[in-house]
Amino acid sequence: MARISIINNIFKDDLGNINFLGKIGISILIFLSVYFITKIVNKVIDKTILNRKSLSTIESTNRIITMTQTIKRIVKYVLLFFALVISLDMFGVNTASLIATLGIGGFALTFGAQSLVKDMITGFFILIENQYSVGDYVQIGSKEGIVEELGIRITKIRDFTGELHIIPNGSITEVTNKTRGGMRALVKVGVSYEDDLDHVLSVLNKVADELKNDEKVIEGPTVLGVTQLGSYSVEISIVAKTIPMEQWAVERNLRKRIKEEFEKEGIEIPYQKIVVLGGEKS
Amino acid sequence: MARISIINNIFKDDLGNINFLGKIGISILIFLSVYFITKIVNKVIDKTILNRKSLSTIESTNRIITMTQTIKRIVKYVLLFFALVISLDMFGVNTASLIATLGIGGFALTFGAQSLVKDMITGFFILIENQYSVGDYVQIGSKEGIVEELGIRITKIRDFTGELHIIPNGSITEVTNKTRGGMRALVKVGVSYEDDLDHVLSVLNKVADELKNDEKVIEGPTVLGVTQLGSYSVEISIVAKTIPMEQWAVERNLRKRIKEEFEKEGIEIPYQKIVVLGGEKS
Amino acid sequence: MARISIINNIFKDDLGNINFLGKIGISILIFLSVYFITKIVNKVIDKTILNRKSLSTIESTNRIITMTQTIKRIVKYVLLFFALVISLDMFGVNTASLIATLGIGGFALTFGAQSLVKDMITGFFILIENQYSVGDYVQIGSKEGIVEELGIRITKIRDFTGELHIIPNGSITEVTNKTRGGMRALVKVGVSYEDDLDHVLSVLNKVADELKNDEKVIEGPTVLGVTQLGSYSVEISIVAKTIPMEQWAVERNLRKRIKEEFEKEGIEIPYQKIVVLGGEKS
Amino acid sequence: MARISIINNIFKDDLGNINFLGKIGISILIFLSVYFITKIVNKVIDKTILNRKSLSTIESTNRIITMTQTIKRIVKYVLLFFALVISLDMFGVNTASLIATLGIGGFALTFGAQSLVKDMITGFFILIENQYSVGDYVQIGSKEGIVEELGIRITKIRDFTGELHIIPNGSITEVTNKTRGGMRALVKVGVSYEDDLDHVLSVLNKVADELKNDEKVIEGPTVLGVTQLGSYSVEISIVAKTIPMEQWAVERNLRKRIKEEFEKEGIEIPYQKIVVLGGEKS
Amino acid sequence: MARISIINNIFKDDLGNINFLGKIGISILIFLSVYFITKIVNKVIDKTILNRKSLSTIESTNRIITMTQTIKRIVKYVLLFFALVISLDMFGVNTASLIATLGIGGFALTFGAQSLVKDMITGFFILIENQYSVGDYVQIGSKEGIVEELGIRITKIRDFTGELHIIPNGSITEVTNKTRGGMRALVKVGVSYEDDLDHVLSVLNKVADELKNDEKVIEGPTVLGVTQLGSYSVEISIVAKTIPMEQWAVERNLRKRIKEEFEKEGIEIPYQKIVVLGGEKS
Amino acid sequence: MARISIINNIFKDDLGNINFLGKIGISILIFLSVYFITKIVNKVIDKTILNRKSLSTIESTNRIITMTQTIKRIVKYVLLFFALVISLDMFGVNTASLIATLGIGGFALTFGAQSLVKDMITGFFILIENQYSVGDYVQIGSKEGIVEELGIRITKIRDFTGELHIIPNGSITEVTNKTRGGMRALVKVGVSYEDDLDHVLSVLNKVADELKNDEKVIEGPTVLGVTQLGSYSVEISIVAKTIPMEQWAVERNLRKRIKEEFEKEGIEIPYQKIVVLGGEKS
Amino acid sequence: MARISIINNIFKDDLGNINFLGKIGISILIFLSVYFITKIVNKVIDKTILNRKSLSTIESTNRIITMTQTIKRIVKYVLLFFALVISLDMFGVNTASLIATLGIGGFALTFGAQSLVKDMITGFFILIENQYSVGDYVQIGSKEGIVEELGIRITKIRDFTGELHIIPNGSITEVTNKTRGGMRALVKVGVSYEDDLDHVLSVLNKVADELKNDEKVIEGPTVLGVTQLGSYSVEISIVAKTIPMEQWAVERNLRKRIKEEFEKEGIEIPYQKIVVLGGEKS
């Protein structure tokens, strides 16, 4: 108890309040704590974020390093600001008004800037969850194309037509990635009601068999069967699983082969047919 | 009363305020309480969440364990933060500014991050309520496909076309699960107005009877009757209940059989018919 | 006044402040009050909610009991928390920071969880107001089907196609219940402009009379009259009131009978008619 | 001044603060004031709401009585709560934490329950403003039908098809009431370009004159004239004002009469006409 | 300085605080100020709102008087409430809790009632800005008709079909007023490609000249020229400016005259023309 | 130091607090400061807003003067209110409750009135940025027409049909101004597949050359070339830059000239062509 | 310790509180700090924003300089306001009410002005991220055209039709820039089912080869193959990569060449074909 009293004498004035010297001491202590807390927080952030498997590519690694540095910097400034406020407070400055002033301003900014914060949080998760990476063919909302850039705030997509779509990450909800796993090629062909269905199916099966060995095809084309009894044609569907981005080529190939084979076998791809009934105007 | 006075003497200074030693003691007590409260809360969480029937699969069990651990960790940090604030407060640090600073920051973050919180809460309920699990064929909004991954924040759906839809849980409202219970196969066929309706119905009933024993069919195809008097055809519907994901195969099969049987029986699936009346341009 | 002074002496120290013993006493009093208030509130809740006519079925009774228990539990914990805060406060713990901490956390959660709260409140009212119950055929937004489960947070609807729609109660606004009262069967039939309208109406009336005794029909089919002068047909509507879920069967039956009777009577259901005027290309 | 001093002596202790007895006295005074204020408020509510002309029907009177009772009860509980808080406060209980606790909870609830409050406020105004009453034929959003129930929170509408639409009052914005005042019956008829327009108009005028004495018609059918020069017909419109809900019957009657009269007079309701030009494929 | 001391003596007790008598005096002063401030505010409101030119009709004057009275009453009650709070505060009642209680309640109400406040503010501006008045033909959103009632909270519109649309003012954004200034009558007529364009235009100009003296026409019908080269007709537009609500009558008249004149002059309003090329099915 | 002491003696009482006289003095100082600050702020506003180039027209100058006066008045009242609060505060009135009361009311109003504030801010920017002025032909959302009035809160647009659209400025986002710079006249004409493309293009070029000297045309009509290979015609586009609001007249002129020239040169504007293949119903 | 005591004596009064002189001193210190902090912040802003590669053009450099000056000014005023509040506070003025007053006003403004803040933040990022610059051909929402002005609050786009679209930056989410990188020219041509597909493809390849050397073409036109088996034609697509804004010219050129070459080679671009089956009306 005596020791504590001595400490008290040095840092406290006659009325038992902490004196100027004591206040300076405490301030130094606070800033030191902030220094060490920052160190610890940085370590924790590094461990949590950087040891992830999604860091396969160098590019995304670089981006995540940038991001963690941003986070660290924010943490550092917040802690420093906090230490400053407490120290000022001890020396009798009315920090309540400081905080209130900042609060009002911050509130005003927040309302306008919330989409900015949302952009960055969503961008962060797209990266961490590896939803898509540069070079993938994706569809986001009504836009689709190849990802050219995956930034903290925006994603750039190059359309098939060459147009460059710039999309803020925060307005991305549903993402459709078309380069993860095999794609489906689907061709629908209509034959006449007068044609023999079994003959048609055997011809289509033959075409399908031919394409089974195509290197673009993962799972050989399958003739599904009658998918619609239309108003003037019987619709038959053929489906195949292909390597990504080659589904359209496979479909074009299938269509050309079917047309050629049908011509050879005399199977009609029918024009629209109408029965016209004679009548006399009364 | 005497005993209390003695305690008071040790932990209080001359002015009756709690002294430094007393403050340290109380701090230790507070941190101890936090320790025990955390223990109790963990037990309660385990009991509430883990004893549920939805934990049938190992996969979902693992995920729920991860989630409860996250919840426990949040509770622990909140309580520790609270203990720290009270202790600092006792030693004369102005914690109001600390809380205010954090409050403003937290508010700014909340606005941007609310969709993140919403994602996780919704994800939690989808899991607990067992709305769908990996392998189910579901429709969420305008996207449908087989669930490939059901995460805390996102759900991944593999489309029939092979495309991978990545949907944040928070943007999921209505879910349509197409693998819970039998599916309905529905075929609509149009016959000519000139055909004998009773004959047509008996032929369709014959086809339906044939497919009654198909293993894919749960509840035999039923001929519903005349569902529309169209502009050039009488539409008749046939309906069947099938095992999930096989409704399309059953429909294709029904269509093929109907077409074949109609050909055999001479029933016309009519082309569009128009009555053309002669006239002379005045 | 003397008596009060004595009480004051026991529970107050020299400076007139309430002493430790007094504080403990008050704490006990507070917790006792909480106990009794909880009892009273429970009684009030039971009386208000459980004595309602919507509790006709055992199933819904069970669900409401679960819900009132949830409400009671929330009330109990809120009151206990409140008692705790007041007690801690008396013993000099800074509860303001506790509340502020919880407030910030609560605010963050509220933003993310508001749809959860909304789900439960709406679910509660659907039950109490008996908007629909398990087995009803309802339409909610763009989905319709038979209600399979009516939970606190979600409603499950089984579609005609066998698909299971899972809808959070909070996203339910307009509900259309198709099993409360008789349904309307409506058949529109087009006849040729050349046909005698009075003859057509008498034939349709005959068909309507036939079906008047059908047990599925509540209010006999009525021939409304000419509802449209179309481009090649005169549209006549027949309407009937049927028992719920049988309107489609009645419509199918009406259509079949009309077609048969029209054939017998030589009334034409006209194909599209076009007048083709000759011309010579200038 | 002396009298005031005496009062002061009884209710105040040595330090000039109000003593225990004084506090109890003030508490009683507060609760008495609450009692009288409640009485006055109730009187004011009764006068404001109940003396209105919209209270024509017994049914709506009953509902409004229920509603004012609800309002009175809320006022009573709020005032009691307020009195309780002030009294507790005087006896040294920290009511700030009580209010803060309730505030956080209230905030959380408000976010989820705002649609509930909105439902009731809108329902209240629909009743007071007499927008529609039970039995009216109304259209709300995309739903229309006869109002079956007009509740505090929901409105029930019975569709023509027999379906029961349940709509929360809060989601009602634009209401279309189809039973307030006469309705308009509108028939559009197309005649051939080759027909004599003056002859057609005189025939239509004759039909219109016939229906002028129909008891369902308020303002005799008027032939408006040529409302469109279509691609193969000249469209002429006839309009009439009828008693509510009978506009469709009047329209059906008009159509039947026009068709019959046109047949008699040899006026053509034309089929679609196309000029086909011969050509030789090059 | 002496005088002030004397006043101090009467209204202050020994410790220099204002005593009971002083408090009552101040309370009276406050209530008196409220009385005079109310008077002044009323005068200001009267001057600002009532001296406006939009007060042309008695009806709208009455409504604005009602509204200003409502505003005055609100101001009065707010000021009284404020005076009450300050007075209570002086007598030692904890008004903070009163305000907090009201604040929470007010917040809850505000969320639900914001559309109500919005309705009244918008209604106020529609009146002041004279956007439309009773009897005008307006379009609001998808509804149009004649304004039957323009209330504080709702606007009632009578449709051409006789339906009564009830629209809350707050959901009104864009208003289209069709009775302010002359309306445009627009008739589009198609002529054959084979017809002589100059002849057609001269005939149309003749018809236009005839109608120039029609009292319903403000600015004589003008033949605009070729507005489309359609697939089988050349479209020519005629436009006229008419007095409000008579544009449809003028259009009907124009159409009738054009048809008659074209018949006389042998100008064809062409049917759809198709060139049919012969071919032989391969 | 002595001087300061004297001042202190006059304005402070025995306990060192500022006395009544001192308070009055400070109040006067505060109100004086408000007076001078108001002066300065007015000067700043005048300089910032009034020295702008958009003040070209007298009309808009007047409006901006009105607006700056409104802003000045708001600033003045806010500062006066603030001075009043500080003064009252010094005399011991509890201004916290005053502010809180106003705060709650203000909050309630803000929610309802935010669209009003938004209207005025947007209106202010439309004026300052000179987005459009009275007489311009603009499109706002789905409405277009000539701007008749550009007010602080609303914009009035006169449609081509004579309808007056009243649009709150706050609901204006994208504005399309059609009178800033030259407009484009675009005519698409279809020619037969059988026609000689080079001949057609030379004829069109001749027509384009003719119109090059039209005073309404800024940049001579250019024949773009084949813009579509349609199902029965080759579409060719001609484009010209015209003075604003004359693009439709130029288009009408171009169409008339093309039709005439094509007739002269024997170039066909083709009717829809169909190849009809004979067939025998099986 | 002695030195500190002396300082204390000068700036503190007898009760140990800081005296008037001390307060003035501190005020000066505060304003000095604000001055230096402003200097530092300005330096930091300059370094962060101005050293960026997007500052390639003089125009955008100017705009960014304007923006950083705006930011600097805001920072200066905020700091000055803060210094003022602290100083006033020291002299005993109740600044809480000042801040509260401003807070309420600021809140009211924020709600109305949030779109303004959002406009400027988004505009800032569009500039910094170089999403588009003046002269680019972009599509924003449903509007497209050449960027005429890229302001802090609005973007002006000149449409192809000459219309000027004025879009607030805050309502811009997805931007499509059509002048970054090569554009795709795509021509789809339909040939008859009767034509020899290999012959058609060779002709198209010849046309494609011709255009390979066109300076507008970056990547020579490629014949993709059969992209659709239509109802009366086989659709073949040709695709090319062109320099920006020249894709339409290349497409027009391709169409003209294909038509000419097909005519030469006798390949048919087919009209719609219909099979008409004879029939006799029963």
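Going by the order they are written in, the chains are A, B, C, D, E, F and G; count residues from 1 in each one.
The working rule: a contact is a pair of C-beta atoms (placed from the backbone, for glycine too) under 8 Å apart; a residue touches a chain by one contact, two chains touch by 3 or more.
Treat the numbers as computed from the prediction; the structure is a model and nothing was measured.
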> Between copies chain C and chain D, what's the superposition rotation on C-alpha atoms, in steps of 5 degrees?
Replying inline: 50
> Which is it for copies chain A and chain B: same residues on both faces, with over half shared, or different residues?
Replying inline: different
> So, what's the distance in Å between the C-alpha centres of chain F and chain B?
Replying inline: 44
>> Averaging over Cα atoms per chain, report the distance between chain D and chain E in Å.
In response: 20
>> Quick check on chain B: which residues sit in contact with 2+ other chains?
In response: 96, 107, 109, 111, 113, 116, 271, 273-279, 281
>> Looking at the complex, which residues from chain B come into contact with chain A?
In response: 15, 19-21, 92-94, 96-98, 100-101, 104-105, 107-109, 111-113, 115-116, 141, 143, 151, 153-154, 158-168, 171, 187, 189-190, 248-249, 252-253, 255-256, 258-260, 269-279
> Can you list the residues on chain F that touch chain G in the complex?
Replying inline: 1, 4, 8, 16, 18, 78, 81-82, 85-86, 89-90, 95-96, 99, 102-103, 106-107, 109-111, 113-114, 116-118, 120-122, 125, 129, 131, 139, 173-178, 180-184, 186, 193, 197, 224-229, 231-232, 234, 241, 244, 247, 273-281
